[in-house]
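In the part that follows, the structures are each spelled out as structure tokens.
What follows is a pair of complexes built around subunit A, which joins subunit B in one and subunit C in the other.
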Partner chain A sequence: MTFIRILSGRTRFAYALLLPALALLGLVVAYPLYSGVLLSFEKADFFGSSLAQRGWTLDNFVRVLGSADFLPSLIRSFAYVLIVTAGALTIGLLTALLLNESFRGRPLARMLIALPWAIPLVVATNIWWWLLDPSYGLVNSTLTSLGVSQQPTQWLNDQIPAFIAVCIVTIWKAYPFFTIMLLAGLQGIPKDLYDAASVDGAGTYRRLRHITLPALRAVVPIAVLLNALWVFREFTVIWVLTGGGPVNATETLAIATYRAAFQDFHFTLAAALGVVTLAISLVGSVVAVRFATRDFY
Partner chain B sequence: MASHRHLRPWQHMVTAAAALAVASCSGAAGTPSAVAPSTGTTPGPTPATTTAASTPTGASVTLQFPSWQQDEPGVSDWYKSMIAAFESANPGVTISFTKVALADHVDKLTTEFAGGAPPQLVELPTSNVGQFVSHGWLHPLDDYLKATDILQKWPTALQQSCVVDGKVYCLILNTYGDAWVYNSKVLAATKLSAPTTPDQYLAAVKAMTDPSKQQFGTCFPTLPGFNMTDMISVFVIGAGGQWTTDGKPTANTPEVVQGLTWWNDVIKANATPLGNESGACRQLYQQGKVGSYFDGPWGQGFMAAAAADVKPNLKAVPVPFPYNTGGAGFVIGVAEGVPADQQNLAWQFIQSLTTPDAQGQYAYNYGSAPLRQDAVLPGDMKTKFPYLDIWITASKTPVSWTPIGLESKQNEFIKAVSDAGQKMISQNVSPKDAADQLQQQLLTLAGS
Partner chain C sequence: MTSISPSTRPRPRSVQPRRLLLYISVAVLCAILVFPIYWMLNTSLAPREQLYVFPPALLHPNPVLDSYRTVLADRPIAHWIFNSMLLVGATTLVALLTAISAAYSLSRFRARGATTIGYLILATRLLPTTLLVIPLFILMRSLGLIDNLLSLVLADSTVVIPFAIWMLKGYFDSIPRELEEAALVDGTGHLGALFRITVPLAAPGIVATMLYSAILTWDEYLFARTFLNQANNFTISLGLASFRGEYVTYWNDVMAASLIGTVPMIVLFVLLERFMVSGITGGAVK
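After this line comes the complex of A and B, so read on.
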């Protein structure tokens, strides 16, 4: 009975409209995912464009998880996600608060703040590569002329500066997403709340702490979740800037997966690494969704 | 006061999966990205081969030919003229000659082969031949070659780079030896003459360095990858070392350590800018900001394309080490897994590159010795390439850095050598320790 009701009238039409999108999603997400998971359990070698299957095994996971490089890559990935998400969230919040105010030139400010999002990632990263060039780059030139540093910093050749550099570039690229999400959240806060708080004598800080930030709790978890997932599998920024070096200092799980598949030709190991990454993402997502589904009003 | 909309565990899972799907459909950091690979997808079973319709006789066919030399001064003109001649002689056939940076070339080819969509014409650094053959990605050329005199006219010893288990999988397309290109004006200011020994070389590059003017004595590619390994190998081979001997790793012999020490001395003297690829290094010496660079015969094209005030000062001399790197630099072959008619067309194009006239034009454009013994050389070669003899001499006694025994693990070898170099740069690891660690890595690689 229920089934018949679902398949009748407007509902059926709505499902019919969804069907192409679902089919496309199945083709470009579900099938590759299925193939990847299958490949991770295959005892297989890769010849030409076909796979020589030799049965099933857990060896790929044993090798991946037992590898000396896995844990450092995992820790690096978490550190990268944490630093980038925190940095982008902070800058995104500040810029959203700024854009939520009325001032002259706000349309221009909106455009400038959203600019990093609009520039193609490879182009932006290459520009940063030049900016960070230790000998001829603007960053070192500025730091040296301001007296902040005496020696040029080897941004992409020393391990810690290289990690900082990829974090900075990723934050720069990611913060407009938070700006837009948080600005939407800010504009949904009833003005009455601020008026009432002002009548009660609340200053800027107290209004921020007791009205603005709690109101944004509905937006922040989902924005953080999506951003964290993007950053967790970020590839372009790291690959273009450092290639995962120096000496693996910026090698995250995404880079390790690419290297295993397309440089070392260990496709089954890469698939296992991909499945592990997926599992971590799924667990993180479940935890984050629990936060995201809370109401605060 | 916070309240919960109570979701059941399965609802959490579904919501999380939806979030993952959204994240995976969108680009990194919120932008669409075509670069990041998916994690572990199965290669497609059906080779997609051409951009144009690859139908039987009469229909148009496009052969893909990605190359790092597509915009390289000199040699690209030769390729383009050969392509134009081939297309004119074969109506309906187009060769799509596209640029891929050398640093990305092998990775991109790998991705294309893995995805079942390889280019029909495969240009490769010679050091990657073993790897590609072991994966079954190159089509044997023996049947084609039987009907030609190419192998009789081609350099026999170097052509062995293309032979695996008695089958020929490619044709070498150049022979090279390195030379030292330098800015004579910058060197003259140091009152030193062009070096002929390693000590003189180290003194010269250090003397040519002036940090206050952002002037460096030389430029080493130091981004991990082929070019970095190639430059380190110039020093290792130069000192008489070999990465492998009789198929076994020998990365910590005194000769290798000596080579690494020379390389590291230049780094520690800040005589090279760091973080560059070979393209950026050449650009810097073309602009006069870098005093010298080790380069193959293709370096003459870059010398000719230097800034007007720099070009007259660029000169070349033999490498100031006991031995110089070189060999068969790159090869061309036909992809396995594409339709036979396209393989035939790809071979016909390769064959067109091997005629005496084509080889003469190759030498004339490239500034290099031709591969074919009976090539017809234009008369004004020496006028066009005043340093041609330096490179021709260098190409007669080169030592290849290809790690025999590890050919099928070329990329892992390249990463290991790059890492050794980066450890010396960023962790101040001594050349001896770096060599010992590298030796262990290579032994593991050889045994895996």
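After this line comes the complex of A and C, so read on.
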């Protein structure tokens, strides 16, 4: 009897501890998600509370998926995720390998290398906006004095340079996450392994190839997935730097959704686009997790 | 080790160039990666006429603080910083209190449905913020919270709380529960055990979580842009983005304002960086 009372008391306590977080998340995540999904099936386009006519329809999805802008936005989103992840992973791996060596001043180096992580996104965007200024920016003046280019690159006004610019800023903000995750993975490798390999005559390259990289396999997939999900949703960098332009050149799905909602005020269309985006990241994550687990276990 | 095995004896001769190479690579990499931050500082100290000199000076010979005076006088930066600090304080407090108790519950009690709840909380990372912001905007309008910082405390919780719960759960998992059980045997309740034993032991994790939650909230732009209209109500992110799209851009002013808006985060980062490594990996790497 007492055992059951204690048990149920424990369970009640467990739920009571969860309750505040769940209540708040219910209000600001679950309820908005529910009404957002409903909105995407809503017939009338409404702004605020003035609902013209209620009714359910698939029209919003038909219009969104049938629009000529949808596929290019989707491709841009994927390209953005791919380029940023590849760039940030490369810099992250390089910096983590260096920081894993022991040398004087390592704590300072680690702090400096991780510093961009603490720079606010809008500030990072402002700095690069200035660095990439076509007339007086440092990037163009360096390119000209090195003789790489004769004409100044119109970084934010030409379509491909604008896309590259957006990727550069995002990579600069994203790589410290990889540095720290990979460094943690590297520091989990027992030193004995390296000593044993050295005794067996393995050089730097073979130790890297057969000990270090395999050990990182536990960390890399989760870091890539978390980063990819972040980049797929990323809004601030693109919005502040280019607003999705020039001529939609940097309009990802996230930007397209926001434009539809708060520039065109097509809330139902925007909701449908958002639901499609959610479905893509859901499917993408499931596939990624499957792929990762099949590959590594 | 070295003295035992003869095969490693020739090493010391080859060590010196390797170390030199290591120091050079670290220095070059640090310089490149941190350069944009230096450039912000350098430009903010430039006199206005120096901005349009080509090529730009890598170090201004006579730095001036004019741009700081200009932006502090012309823009409500003090308001923006104050708003952001209020927002960070309130959001972090709400997030930590709810997340500590939720994470403790998920870590210690295998209550029915707890695993599902845990994964649902993790799955919020899949939600596009650009989707959530639409119904949240409608919600905030109907609650009359437009142009009110409370709307951002609520909205930022969508990101911060799930994050905090998972980070803290990772921390609590790593603390042996025998310590709490000892306290329970001594007659302390579960709540007492949580606050007297677990929370103090998890202090580094809680500090790391605070750092994250502060940076996420200070950074937040999407909700702020959507829910705030009047310049005096802006957060620092929103204020710093407002330089974009103006007719004339004085880069030294933009960089001075940006630097002012960055300093609190750099201070926090430098003070708390040592907690960050365990924090970022605590929830993710096992």
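Criterion: the second predicted complex is superposed on the first by the 267 of 297 C-alpha atoms of A that agree within 3 Å, B and C clash if a C-alpha of one lies under 4 Å from a C-alpha of the other, contacts with A are read in each partner's own complex, and residues count from 1 in each chain.
Note that a residue touches a chain if its C-beta (ideal position, glycine included) is under 8 Å from a C-beta of that chain, and two chains touch if they have at least 3 such contacts.
These figures come from a predicted structure and were not determined experimentally.
**Q** Should subunit B and subunit C be called a clash or a fit once both complexes are overlaid on subunit A?
**A** clash
**Q** Applying the document's definition of touch, where does A:T236 land relative to subunit B and subunit C: first, second, both, or neither?
**A** A:T236: touches subunit B and subunit C.
**Q** Applying the touch criterion given at the start, work out whether A:A270 contacts subunit B, subunit C, both or neither, answering first, second, both or neither.
**A** In the superposition, A:A270 contacts both subunit B and subunit C.
**Q** Pick one for A:A96: touches subunit B only (first), subunit C only (second), both, or neither.
**A** neither
**Q** Just checking: does A:L39 make contact with subunit B only, subunit C only, both, or neither of them? Give me first, second, both or neither.
**A** Both subunit B and subunit C are touched by A:L39.
**Q** Kindly classify A:N248 by the partners it touches after superposition: subunit B alone (first), subunit C alone (second), both, or neither?
**A** After superposing on A, A:N248 lies in contact with subunit B but is clear of subunit C.
**Q** Quick one: classify A:V81 as touching subunit B (first), subunit C (second), both or neither.
**A** In the superposition, A:V81 touches no partner, neither subunit B nor subunit C.
**Q** One more residue to check, A:V289. First (subunit B), second (subunit C), both or neither?
**A** Touch status of A:V289: first partner only.
**Q** Taking the superposition as given, does A:L216 touch the first partner, subunit B, the second, subunit C, both, or neither?
**A** Touch status of A:L216: no partner.
**Q** Tell me which partner A:P134 touches in the superposition: subunit B (first), subunit C (second), both or neither.
**A** first
**Q** So the two structures are superposed on chain A. Out of 166-174, 184-192, 238-246 or 274-282, which stretch of subunit B collides with subunit C?
**A** In the superposition, subunit C collides with subunit B along 274-282.
**Q** For subunit A, which residues belong to both interfaces, subunit B and subunit C?
**A** Of subunit A, residues 25, 28-29, 32, 35-36, 39, 48-49, 117, 120-122, 133, 135-136, 177, 222, 226, 229, 233, 235-236, 239, 254, 257-258, 261-262, 267, 270-271, 274-275, 277-278, 281-282, 285 contact subunit B in one complex and subunit C in the other.
**Q** How about subunit C: which of its residues touch subunit A in the complex?
**A** Going through subunit C, the ones touching subunit A are 1, 5, 7-8, 19, 22-23, 25-26, 29-30, 33-34, 36-37, 39-40, 43, 51-52, 54-56, 94, 97-99, 101-102, 104-106, 108-109, 111-112, 114, 117, 121, 124-139, 141-142, 154-155, 157-158, 161-162, 165, 190, 215, 218-219, 221-222, 225-226, 236-238, 240-241, 243-244, 251, 254-255, 258-259, 261-262, 265-266, 268-270, 273, 276-278, 280-281, 284-285.
**Q** Help me check something: in the complex, which residues belonging to subunit A touch subunit B?
**A** 25, 28-29, 32, 35-40, 46-51, 117, 120-122, 132-136, 154-159, 170, 173-174, 176-177, 222, 225-227, 229-231, 233-237, 239, 242-249, 254, 257-259, 261-265, 267, 270-275, 277-278, 281-282, 285-286, 288-290, 292-296
**Q** Within their complex, state which residues of subunit A touch subunit C.
**A** These residues of subunit A touch subunit C: 10-11, 13-15, 17-18, 20-22, 24-25, 27-29, 31-33, 35-36, 39, 48-49, 91, 94-95, 98-99, 101, 103, 105, 109-131, 133, 135-136, 138, 141-142, 145, 172, 175, 177, 180-181, 183-185, 188, 195, 198-199, 201, 218-219, 222-223, 226, 229, 232-233, 235-236, 239-240, 253-255, 257-258, 261-262, 267, 270-271, 274-275, 277-278, 281-282, 285.
**Q** Touching residues of subunit B toward subunit A in the complex: what are they?
**A** Residue positions touching the partner: 1-5, 7, 12-13, 15-17, 19-31, 33, 35-45, 47, 107, 110-111, 113-116, 118, 131, 135-137, 214, 216, 222-225, 273-276, 289, 336-337, 409, 411-412, 415, 418-419, 422-423, 425-427.
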